[in-house]
C-alpha cells in the first residue's frame, strides 16, 4: 500500500546536463503531482479514492542527444576552488544530472588538505538562491548587457578624456588573471587605482612587516610546524585568514599516541571565547589592549626588544601573571624555530612586537613563510581611508565596487553615501541589491563561482583553477569578463584565464609539460598547479624604539569588539539561509547577532539573555539582544559584523506559518543589526575595537534562537546528585601529563561490563560493520560538518521561531560545554549524530518497524513507514532524532535544485536522523559490485567526515581489521558515550587531551 | 403497500450499488499499484518489433541500465542510429519501389506516419535534413514505470547482478504497446530479494539485502 | 401442527417464585421456564439447571487467542521476515506476552458473549416473546407444561396457591416455540 | 449474606421501594424533558467538544508543530491526557467487574454509570494516541493486517503496539460488558415504552430479551466471565500503559515500580472521577435514594487507600533512585522535585498525597461538599502526576546539551478541554438515553420485602 506521503525529490529521469530549463521543466511536472498528492493525501477517504485509480499522466523526457560521457544520475566531481573567503581552499564540486549539489574538500589540495568550512559547504544554496539578481540593472531597472556596456563605456570614455580618477574596489581577490585584467583596465585611465578592502583586514600585519622586514606582506603561517603556538586574539581555527588551512595544519601536532605522546602547546589570549580559544591548552582572558602589554613583556623577556615607552606593567593584565609569562617564555625558548606567535591586533606596535619575537625565536622561514607569503588578505586600511577621502572630495569619477558593500560594511556610511553621489559612475558587481548596489548607476551581478571560470593565487607557489559546473542561471557575468569587455576585449572568462595561464602560469609551473593543452586539461582536472616563484627575500631590521600609540582610552564604558562569526564571515553571505541558521560554534545562537557579555557584566547591568540593550558611543546607537557568554572579559562586549544586511527581510517567512508562529525577523527588518557603524577610524587604520561604549537596558526583549540551553557538563548545584556533580564522562578529557603516565587516563570508573548481554547474540554482523569515530582532540567545533550534512541530506531550514522552540532539524549537532571559572574556562565540543546503537532503544519502541537495524549495524529510519509517534526520539538517550513538525518550505523550483536526489525529502509527521550517509554506502556498494568486490576502505566517505578540516571524523568498517577505524578503535583514548548502559553504539569518540600538567579531569562516579 | 414500495426501492438501490461496486472492482487495485498501466505514447513504438522480431538488445537503446540508477529512456539520436536508414516498413518501401518502377520514376522517400513524428521531434524534414526553424525537441514519452519518491531503485545494481530485464518488466519483446507488467509493490520486490538469496541469480549466488536502507533512505 | 397446553403462573416476589418452583419440582411437574425481571439468586438451583457450558467456550476461545497471538508474533518477526529490532533476540517471548494476554481476553470475552447470544437465541431485532409485559418490571412468572393428565391447571394452581401466585393463566402454544 | 448481616448494614436502597418503584424512578429521567441544569451542562460540554474538534482539525491539517513539543520533549499534553483518561476509565471497570467478583452489592448503584464512564474515558484516551501521531491518517499501520509490503507486519516488541492491543481490547471488552449489562434494562425500557420509534430502538437493542431463567442462567455465567476477564484486563491495560515508560531507557521512566504504581494511580484517579460524576448525578438527577452517603463514604475509603499507595510509590521512586547509585537516576529525581518543573511536582504531590489525607475523618467523608472538593483536587493531581512523569523525565535526560523546557500551546490546551467536552457530552447524553442505574441489578439487591402478612414459613429444603 504505497500511498506517497513523501515529498518530491527533484529528480526523475535525468533532466540533462545542458540546460537548467529542462531540469526546471522536469521539476514542474513533479511539483504538479506533489500538489496533487498533498491535496489528495490529506484525508484518508480521498487517499483511498485517488490511490485506487490511475495517477496523473507524467512524462519522461529524454534528452535529444546524449552528451559525451554523460551518466544520468551519477555524481561526478569536478575540481574547483572555493571563493567563500579569500583563503582559496580546494573544492570538489559534486555534480549530478547537470546540477552542482555538494561541495567537498579536495584531499590533494596543499592548503585545505581535504577540508572545507561551513561557508564553502553552503555554496549550492547560494547558487540556487531565487533572490539572486538575474541580470544587470541600470538605475535600478532590469537592463540588457548591451545597454549597460554602452552606458559604462560611454562614461569611461568621458572620464578617460577628462582624466578623472577611476577606482575599483574589491575584496581580496587572488586571481592572477583578474590582476592582469585589472591593471589593463585601470591602465586606460590617467588615475586608476585598485583598492582592496577586507571586511576584517590584516592591514596591521602587513604594515608591521613593512616596518620590520621592508615588505608589506602577510606571511604564510605554518601551524603544522609549530610545537608551541601563542595566539593573541587570532581565531585561526575559526575565522582568521585561512581557518581550514590552519586547522588542517594545527591538527598535525595535536594528536598524541601511545607511541608518541607528544602534542603542541597552544596558549591563547582573547577577550571573548572563540573556536580557537576553546581548543587552547591555556586560555587567558585579556582585553585587546592587553595584547601589546603582554607582547612587550614577552619580547623583553625573550630579549627581542626592549620595553616600549609608556608600557604599563604586567600587573594590569587580568589573569596572566608574571609567573605565567616566565613559563610561556621558557616554552617558547625551548621551541626555537618551532614556535609561532600570532596576533590579530590592529595595533601596529603589537604586530611589530610579534615580528620581533618570531624573529628572535628564529621562526621566520620555518613556521612563518615570508618569502612565499600568503595573499589571502590584501586589504590596506590606508588605501581605503584615502579612497573615502577622495570620494568625499569628489575626486573619484568612476567607482566600481565588487565583494564589499561600502555603505554597509564601513562606518560613517552617510559620509560615503554623499561621496558616492559625487561620482559620475558607480558600478556595483553585487549579486544581491546591497546598499551600495541600490545607489549604483549600474549593477552588473557577478556569476556564482559554480557558474564561472576563476583562478586563484592564495599563497606563494600555488595557483588554482575553478571551472564552472553549470551554465549561469541568470544573465550574469564575472567581474573578469566585465572588466575585459570594458577594456576592449570581448573574450569570455575561460579564454581570458586560459590565455593568461598559457602566458604567465605555465612557464612558471613546476611541471609545465610539453603540451599546453595537456597542461591546461590537467590543471582543470586537478584544480591547482604548483609554480616556482622566486623567493622574495625580506630581511629583518629591528624596529626603532617602539612607542605605544596614545590611544584615548576612556575609563568609562565598555570596549566593544567587532568580530566576524565563523558562519558569517562577510556580508555577501547574508542571503545564505544555511549560514544564517547555522548555530554559532561558540554561542550556539542562530539567526541573529547579539551583544556577547560576561556573566558578571550581565549581572552588573541587570540583563539576561535576550534582553535588548542599547550600545551608544558618540552619535552611534545600536540596539541588540544580549547573550551571556562565560569566559568573556568583564569590560569587553562582542558584536558580530555582517548582519543587518538589506534584503535579508526576505527571511521573515522562512519557517512554517501557523497560529502561534512568529516570523524569523520582524516584518520589514533585516536579520540582525549592522554593527559596522561601531567600527572607527584611528588615523588610517580601521579599528574593530571601540572604546568607551555605554550600555543601556531598554527593557524590551528579543529571544535568541539558541540550540543549546544548558551549557555545562556541571550539573546545577542545587539539583546535582551527591557525588556526581557533573557529567564529564560524556565528553571525556585528560591532560598530556596524565596521558603519558596512563594512556587510559580520563576513563571513568565503570563497574559494569558494557558488553554484558541478557540475551543470546542473535545478530552477528558477518559482512560490513560500519562505525564512526570522532577525535574530540582534533574537533574544533567549527560546524563545517553540520552544513555538509545539511547539504547532503536535504535538511530543511526552519527559521528563527522553530529553532527558538528547540526544533532545529540538524542531523548532527556540535555540543559545546563550558565549565570552570571565567579565567580558566574548560570548553569541550562534541559532534553528536545518531550513534547507531546495536542495542538501539529507539528501535524496540517503534510500533510500525519504521526504525530497525541493518545487517551492517546501521540504525535505519524508513521515513515512508513512519507514522510519527515520536516514541523513538523520546527514548533516544542522545536526542539525535529530529521530527518533521511541519511541512517545511520547498516551494521554490529553483532552490529545490539544491536538493540531493539520493535522499528523500521528508514529509511532515515523520522522524528523521543521521543515516550514516547510507546513500553513499549504497552507491559505493553498487560500484564495488561492478568490480566484483566488497566495499573497501576509502570507498565511502560520509559527508561530515569528508569535509572536516581537522580530519576529526573517521568512518569505516569495524569488521575489517585493516581499516583505519578498527586500528583506532584499539586506541586507549577511544570511548563510547554512556557505555555503561550497554547501548553498544557504533559511533565512538576519542578523549580530549590538553597539554597541561595535572591529572585527568574526570570524576569517575558511576557504579 | 407502502412498505413494499420502500422495500423494492431499497432492493433496487442495493442491486445497483453492488453492480457499480462490481464494475469498479475490475478497475480496483491496491493503492499505488499501477499494474497494467498502458498509456498511449506520443509515438507508437513497438517493443515487439524491436526487441522481439529484430532481437535488438535492451541495452542497445537503454544505455544507462548497467551504469546508472536509471535505465535511461533512449535519446532521439539513438533511434536515429537506425532510423537514419530505416524510414518505413520494408513492405511500404517495396510498394513505393514497385509503384515507381511501374510509373518509371525515381522512388520517392517513404516515411511512415510514426517515424514522421520522430523526425519532427528531431527537427528533420522529409529528406532527413535538419530544418533550421525547429531544434531538437525531446519526445514526451508517457512514464509507465514509476516508483514512489521514497523508493530508490538502482538499475545498475540489478543489471550487474545478472537480473534479466524481463524479471521486472515482463516479456517486453512481446509487447506491442509498453505496459507495466508487474505490481512493483514492495512485497513483490522483497519476495524476489528473499527468493534470490536462496536460489541465486542465473546460477550465481547473490546477496540481495532485505534491509530497509537497501531502498529507503 | 400439534400444540401444547402451557400454564403461566405469576408472582410478585422472588421468594414466592422460588418457593413455588420448589413446590412444583417436588410434585414432579415439568417446568418449561421461569421469567424474572432480574437474576434471582438460587433460581438455577431451584429449577435444577445444569452449570452453563459457556465457561468452556470462554476457555477455549481464550486459549486460541493466546496461542495464535504468540505463534503469530514469533512467526512474523523471526521466521517470515527476520528483522533485527534493537538487537533483541529472535525468541523474544517476554515481549510477546502482553499481546498474547490481550488477545486471550479479547477472544475469550467475545467468544463467550457470542456463545451466549447463540445459545439463548438472542439477536438484534428479535421479537421478544413475553410471558407477561410486566416480567421485565416486577413480575415473576413460571411456565408449566401440561405433560400428562395429572398436571391439570387446577392441580398446579393448588400447588402454587400457598405461595402467593397473583395470576394464573392457561395458554395454547405452538409446538415449535422453544418454551 | 446472612440476615444478621443485613440487619447490621444499612440498606443499599432507601425509601422502601417496590420493584415497580425502582423501575419508575430510574426510568423517569429518560422520559422527562431535560432540566435546565442538564441543558446548561450539555451546552458547556458541547462547546468544549466543538473547541476540541476545531483544535484537533487544525493540528491535523497543519502539523504536530502546533503543539509545544520540541526535539527533547516529544510527548507532553498528548500522552499525559492519554494516560489520564485511561486511568479514569479504570475505576469504571474496577467498580463493575472487581466489585462484582467480590460480591460487593453496593456497586449496583454506580456500576452502570461507571461502565459508561469507562467507555467514554477510553474513547477520550484513544483519541490521543491517534492524534499524537505525525501522520494520524496512517494509524492503521499499527495494526497487523495483511499487506503488499512483503508482508511487513508490525513491531510486536514495541510497548506502543501493546498499547494498541490493550486499549482496543479494553474498549471493546468494556463496551461489551456494558452492553451485556444493559440488555435486561433495555428490555425493561422496551416494555414500558409506547409503540413507536423509541420502542423499536429499544426492541432492536434488547435482542429479544424476555427474562427467561435459562437465559438468566447463561447470562449470569457470561457476566461473571466478563467480569473475570475484565479484572485482569484492567490491570494489564495500565500495566502496559506504564510499560510505555518502564521499558524505555530514560531515567524517571525506566522503573520496575511502574506497573503497580500506575494501576494504583489509575484506580485512584478513576475513583475521584466516579465520585465527581456520582455526586453531580445524585444531585441533578435526584438519585439520593440510590447513591447514598454510605456509598460515598466507602468510595472515599477506597480513594484514601489508593492515595496512600500512590504516595508510597512516589516515595519509593525517590528512595530507589537514591539507593540505586545511578547518577542519572538520582539527578532526575532531584530535578523533578527541585528543577524547573518543581511547580508541577508540588502540585502533584500535594493534590494526590497530602490533601486526600483529610479523608481519614469520617465527618469529611460524609460531607459531600468536602468529598467533591477532594475528588476534584485528586483529578487535578493525577493529571499532573502523568505530566510530571512524562515531561520532567524527558526534558533533562542524559546529555545536558539537549536539555529543554516545555510550554504548551493554545492548541494543546484546547485539545485537553475538548477531551473533557467529549467525555461530558457523551455522559450527559448517556444519562438521557439509557438507564443510568442498572435496574435489574438494583432490584436484585434492593431487598424488596414481601409484606409479613403474606409470608408463610417454609422448611429449609434444598432442591437438587
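Note that the chains are named A, B, C and D in the order they appear, and that numbering of residues resets to 1 at the start of each chain.
Here, contacts are C-beta pairs under 8 Å (C-beta built on N, C-alpha and C of every residue); 3 or more make two chains touch, one makes a residue touch a chain.
Source: prediction; values computed, not measured.
Q: Looking at C-D and A-B, which pair shares more C-beta contacts?
A: Taking the two pairs in turn, the one with more contacts turns out to be C-D.
Q: Just by CA atoms, which chain is the most central one?
A: A
Q: Please tell me the distance, in whole Å, between the geometric centres of chain B and chain C computed from their C-alpha atoms.
A: Distance between chain centres, rounded to whole Å: 65 Å.
Q: Averaging only over C-alpha atoms, locate the centres of chain C and chain D and give their separation in whole Å.
A: Comparing mean C-alpha positions, chain D is 29 Å from chain C.
Q: Express in whole angstrom the distance between the two chain centres, defined as the mean CA positions of chain A and chain B.
A: Measuring from centre to centre gives 48 Å for this pair.
Q: So, what's the distance in Å between the C-alpha centres of chain D and chain B?
A: Here chain B and chain D have centroids separated by 59 Å.
Q: Could you say which residues in chain B touch two or more other chains, in rising order?
A: Chain B, residues with two or more chain partners: 30, 33, 185-186, 190.
Q: So which stretches of chain C touch two or more other chains?
A: 81, 85-86, 88, 92, 95
Q: Can you pull out the residues of chain A that are in contact with at least two other chains?
A: In chain A, residues 1-2, 5, 47, 841, 844, 846, 849, 852, 854-855, 865 touch at least two other chains, as defined above.
Q: Touching residues of chain A toward chain C in the complex: what are they?
A: The touching residues are 759-760, 762-763, 837-844, 846, 849, 852-855, 984.
Q: Within their complex, state which residues of chain D touch chain C.
A: Spelled out, the residues of chain D in touch with chain C are 18-20, 23, 144, 150-153, 155-157, 159, 161-162, 165-166, 169, 172-173, 176-177, 180, 183-184, 187-188, 190-192, 203-222, 225-226, 229-230, 232-233, 236, 239-240, 243, 439-441, 443-444, 448, 450, 454-456, 458, 461-464.
Q: Tell me, which parts of chain C touch chain D in their complex?
A: Going by the criterion above, the answer is residues 12-13, 15-16, 19, 22, 25-26, 33-41, 43-49, 51-52, 54-55, 58, 62, 72-73, 76-77, 80-81, 85-86, 88, 92, 95-96, 98-99, 101-103, 105-106, 108-110, 112-113, 115-117, 119-131, 133-138, 162-164, 179.
Q: Could you please specify the touching residues of chain D with respect to chain B in the complex?
A: 147-152
Q: Looking at the complex, which residues from chain C come into contact with chain A?
A: 83-90, 92, 95
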